[in-house]
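One chain, chain A, appears in both complexes that follow, with chain B as partner in the first and chain C in the second.
Up next is the complex of A and B:
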């Protein structure tokens, strides 16, 4: 065998091993079993259990992605291996993965493993063998994995436009099927029963709907990517001002759609979005501290807690202070009067937390702030402060929020509008700051603290300002959280809140507001909306973050800055004119 | 070097009588790092609107002296008086506000900020808008932002850096342009005294000549006083009016380029190696 082929085969086997290990792991922790319970695409006639389940998709997706990876490396400009070799190696990686998984199936069938690995049950074996018994099943499983790998490889042979069209088609269909619990109630609310009946049945997305969606998305994506696509070219040739306006119009439509969402869907959707809103505000606040100013704060939950407790003590009649604000102005205005106080308190806490860590950088700062976050939670739950903040029981009996026109809010889902308004406020503040003298000073601080100072930035003040403003946004989120829940107790302010918020920023793209919104939807909205994900939330977080760090370290929607920072090699290649003209002026 | 120069002149440098006297007076400056004496009892003055160089072999304490003047290091002993104001106890950003700006031997740009962003950070001390004004989006903020951007672009012209690069990231600039950008960033703070730490390090002869021209132009057109650390003797002899020579942390000579060239102590400590080579 020639050296290239030998290296390719070796790599394919290695990737196959990873595929096998990943799928076996997914089975052992119960992912596959749980996800198999969610049908995505219904069987013929829409009756009975779905024929394509999320579990099956996951089992096929892993070798498929592996096949894509293997083939893409082989088909790159530098390697340029033959198509047959690429597909062959992709299939090989699928085969190796399939054999490993089949071996696991046989073992699980022969030895009862569920004493240690509870999810490894006969049901799981049935799922893995497609209920075809211990002989045909594993063979079938191997074939499925091999074929998935081969298809993943074959897709790399297509030119990029076709590939993008097919992949987005498959992606959208799966997403639509996955989001059935959200889309279905919305359609019901809109009384679009015909559409609803066409799209969904008990077993998931109907086959006809899946086929139609696939065709539609593939067609549209393909047309958009055509060399002379009229719509796209018109968009591109528009002057920047026009394009901005189109962007604004699209954003306005998006916002309008968001605003009518609670009217047309169930309370469940609103509830999920309210939770997304809390995290969105937290992430926007932390983004100021971490993304703008480069101060890695792992104890951000402290601000959330302080905001929530301040609000609770100020307005709950049963708090240690008997809710002074409510006593003063009554429950209608209590929240609104308390909000400025909460902002002030959290800003002060930001300065208090910031002051002792001014001299710390990077890892040291992270560890110390991590400690602060835990201290906050423990203090609020401690016996020492029991008389003020209620110890483990927290503060209860917060009055409902009264809106100026709409009146009293009774259900937790009704907080959708105020939470969205506050989140929009937070985004606005973050946006205005990012493009200002202040934002630039923060960026300079992030880039090189000593030079920032020697360029005229008062680093002490700007660090404290970042903590204070970031803390204020986190505190606002906490205050809303308190009134929405009407109860505040220490159990709400665990370390995992800080981690989730940081993960949102990293996933979305450090430093950008758009990225933070998408990050919050994916990391908070999705697990809330889809119970299967909720169960494995942290596994999915971990996998998503690891994948992001490898594939797109700059986040989903990076700022220009971050992208360049993390893809140095690409950027230099992209700008030959810069290097060349630089030579000329130098 | 064809760019038009429209940068506002520095008023301090324009007045004829301001040319008299010293912009910087250093007396008895000593810096110790634990046991090591990096600078020992240095006296040294910079006349207004002059170009002064500090030379000396590697490890002679040139950059340490620089770091103390710009407020990076606190001197162990001695005083630094800048424009009549003693610098003792002032933070680096205060020193910048008084009108001193510097560049670095190993270029230290804000790599992941745009070219214009770097210059605007340099202009930070001359801008006034506060964070809450930015959130409110006051007109004064927008106007200041526009003015500052225009000014930053003029500074790019000043250092002959194409405006086309304004939105590119600083790190993507070629080496020579990064040095120019660093100077533009320093100029943006409106300095009276500009400290350049080896501005031609790593440059080829042509780039070096352009840099020398730029330094002369900055004094001529902006009325700046410039303090230079430099290794390239051609640059030092060509551009400076006075030269201070450091060796083992001590000042061993001071004078015009001609005097320095013929000073036996200097020849022994530094140029001597070249003279005999």
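Up next is the complex of A and C:
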């Protein structure tokens, strides 16, 4: 027992060091300061500033999670340490982290670091010391971290059902509080003022609502996880066909709820969802190229740009061609007539970009496509093409979109329905493709190109098809983006768009449509809804990409049959030089 | 022996059309520019030295790409951010030295040495942390995994700098030693350009000595040849990889200071373009080859400075210098399409 305890303590101290580094990093980069302005749970009586802020939650979450991992490792079957040791070590890691953060606080209090690290201000020190001064504050901070670590450890002592219930309870309460800017307007639109008053106040979620939600979720989740939960057992004992029907019904309810959403909420929610829709279409398109066919394309934004510019030049009366389509059929039908042309152009661009790079290996392909994307952006913004695409000013004055029944759309939020319809179309195409002969050919191509070729897959054609179809979906998204914004300018088509789309499909899980939808909601919808995020979203994207690749390369919602080339046979990689030369010179 | 001619495919036709088009474009553009005589000899010299000095910086960064690619066969996409963080660190030290009784003014050489040391150490540290946290767990993963990780790390480091140091563009304090012009052979050059070229050459010479003459350098070459065999020969592969990242970081840090002195700006996004161009340089020279990185870097620098004027000026394209990045990216695309082994690359290493 003695050596185990010693090793456990050493490891706990190490984890504590990581906790300290992570929390200090969060302070120095400004996350804590930015998110401290966001109250989650209101003070007593709903008055005054919130008592639990997002900044505090983020700080406490680090030792909490660290405590959970420390304890879970100690409690695993192979180690099987006592509960007291597990909780003690969890608390110890919290303590070490807390002491480090407290030390940082004291340093920041004594030395003005503001000249170098902009977010390290006296305000940050106030946040970290709970405005209790430089003596009580750091002690309080250390205690909070230790307690968070200990709680994280203690949760691991519970059996898995209780643990899951409590964790999902806490998670849902925080999510509800976090999504106040979305939920509140929806409730207002439904005229559920009583519910609204009960749930929210200026300082965030009210304490009573938080407690009620917590109890409700914990109770439900606990009942669902019970060994003989009637509802779950009935679901499981259903025949597959029946279960599928229930699933479809649930999906239909979800879609119906989504469709009435703009009617009952403010324009802000629609705007967020419209943006999600654009990225959803982009992600579905890139998913065909990367997820299905296994071709990593880092210049995907080029298709978005080409789609947007093609649409703009075709229908804007002030474009270089004076909007030939609008001149031909008038603004009512211009968009609809231009759409097939946009699809054709982007498909062609896909083939043109794809053809020369067909023989390149994975990572080189990625860099070449990145080069294409950047060339497109610079050319669109340059004086050299100013007479055609408007240079830095872009193309302005696109006519509003006219829908067959609903008539002219005037506000940007009104594009919700057309964007959702196009996104649904894209999802349908992607879904049908994945189950088709083409989809299987792409699978084979992704898993092993040589074998695919040997079994009769025309690799050239299928690769080009992937580029063309992926490009078409990206171009559609761009075309809608252009009419929604009514202007197109080169600043919208940065490399970061490609990387965002890549992050979406990697977070969600390559090759799955469900994963792409969830990924778009998390990575685009959430930061859009929470304005405090600002530029920090990209920090999160970067961290998410690294963490996903190391911890879970198949994504959050992996599909069983489709493993992207991220799971390709390790054998191939063991002899990279051989495989590489074969592909590069083939 | 005569090779049987390959069957003509659509793809082959497209590629040949591309080749012919490029050659024709270059010839027509260059001829039009030179025959128009619109640009004087002095302009060409200015463009050439600008190209040489920028190329020297690209070469320093490209060495980091090429060394890491040599041992790990991965594109360290975050290398541009290693460079950027070095530039920031150097700037903070330079400002601190300036405000400390004008130390930088009184002892400019010593001060600059301190600035370089700070930048190089910071970049080295970042590169080492990157290797340990992001890349080492993926040593045996398929090739695209480390690339995606590196893209994530690049984004993360960029926005870390954004969060910590803000989005404002900053500058190094003016140092008399580095500003002004010098006359050589009757031509007037910016002093900073000459200093950049000299400093980069000194660093490259040191690196050559290290790689070719020292034990550790030999270990590095052995690991890049074959990791497993190197391990069997008693080389500590992990240690060698760490050293490789450290050297790449040191060079990137120095490049960061030189770049921000040359362009007089430091900001959180400054690593992206030089990073991609330096990668282009490494590929152009033949990735994995140290000589290739140096030659490739200088070529890219010259091409992107001279190229737009040479090829586009005569064709009447407005503001051709806006398209200098297009030249660099086009070189990247064309090299990868037509000669992925680069100029000095070993075939099996690509």
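The working rule: the second predicted complex is superposed on the first by the 554 of 586 C-alpha atoms of A that agree within 3 Å, B and C clash if a C-alpha of one lies under 4 Å from a C-alpha of the other, contacts with A are read in each partner's own complex, and residues count from 1 in each chain.
Assume a residue touches a chain if its C-beta (ideal position, glycine included) is under 8 Å from a C-beta of that chain, and two chains touch if they have at least 3 such contacts.
As the structure is a computational prediction, the values presented were derived from the model and not from experiment.
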item	value
Which superposed partner A:30 touches (first chain B, second chain C, both, neither)	second
First (chain B), second (chain C), both or neither touched by A:410	neither
First (chain B), second (chain C), both or neither touched by A:452	first
Partner chain in contact with A:438 - chain B first, chain C second, else both or neither	first
Which of chain B and chain C A:374 touches, first, second, both or neither	second
First (chain B), second (chain C), both or neither touched by A:546	second
Which superposed partner A:117 touches (first chain B, second chain C, both, neither)	second
Partner contacting more residues of chain A (chain B vs chain C)	C
Which superposed partner A:78 touches (first chain B, second chain C, both, neither)	neither
Set intersection of chain A contacts, chain C complex versus chain B complex	565, 568, 572, 578, 581, 585
Residues on chain A engaged by chain C in the complex (per definition of touch)	25, 28-31, 116-119, 296, 298, 355-358, 360-364, 366-368, 370-372, 374-375, 378-379, 382-384, 386, 460, 495-496, 499, 502-503, 506, 535-536, 538-539, 541-546, 549-550, 553, 565-568, 570, 572-573, 576-578, 580-581, 584-585
Interface residues, chain A side, partner chain B - complex	428-429, 432-433, 435-441, 443-444, 447-448, 450-459, 465, 469, 560-562, 564-565, 568, 571-572, 575, 578-579, 581-583, 585-586
Chain A-touching residues of chain C, taken from the complex the two chains share	11, 14-15, 18, 73-75, 92, 133-134, 137-138, 140-149, 151-160, 162-167, 272, 276, 279-280, 283, 312, 317-320, 322-323, 325-326, 329-330, 332-333, 336-337, 340-341, 347-350
Chain A-facing residues of chain B, complex	70-72, 91-93, 96-97, 101-102, 104, 108, 110-114, 117, 120-122, 124-125, 127, 129-131, 134-135, 137, 141, 144-145, 160-162, 164-165, 168-169, 171-177, 185-186, 189, 206-207
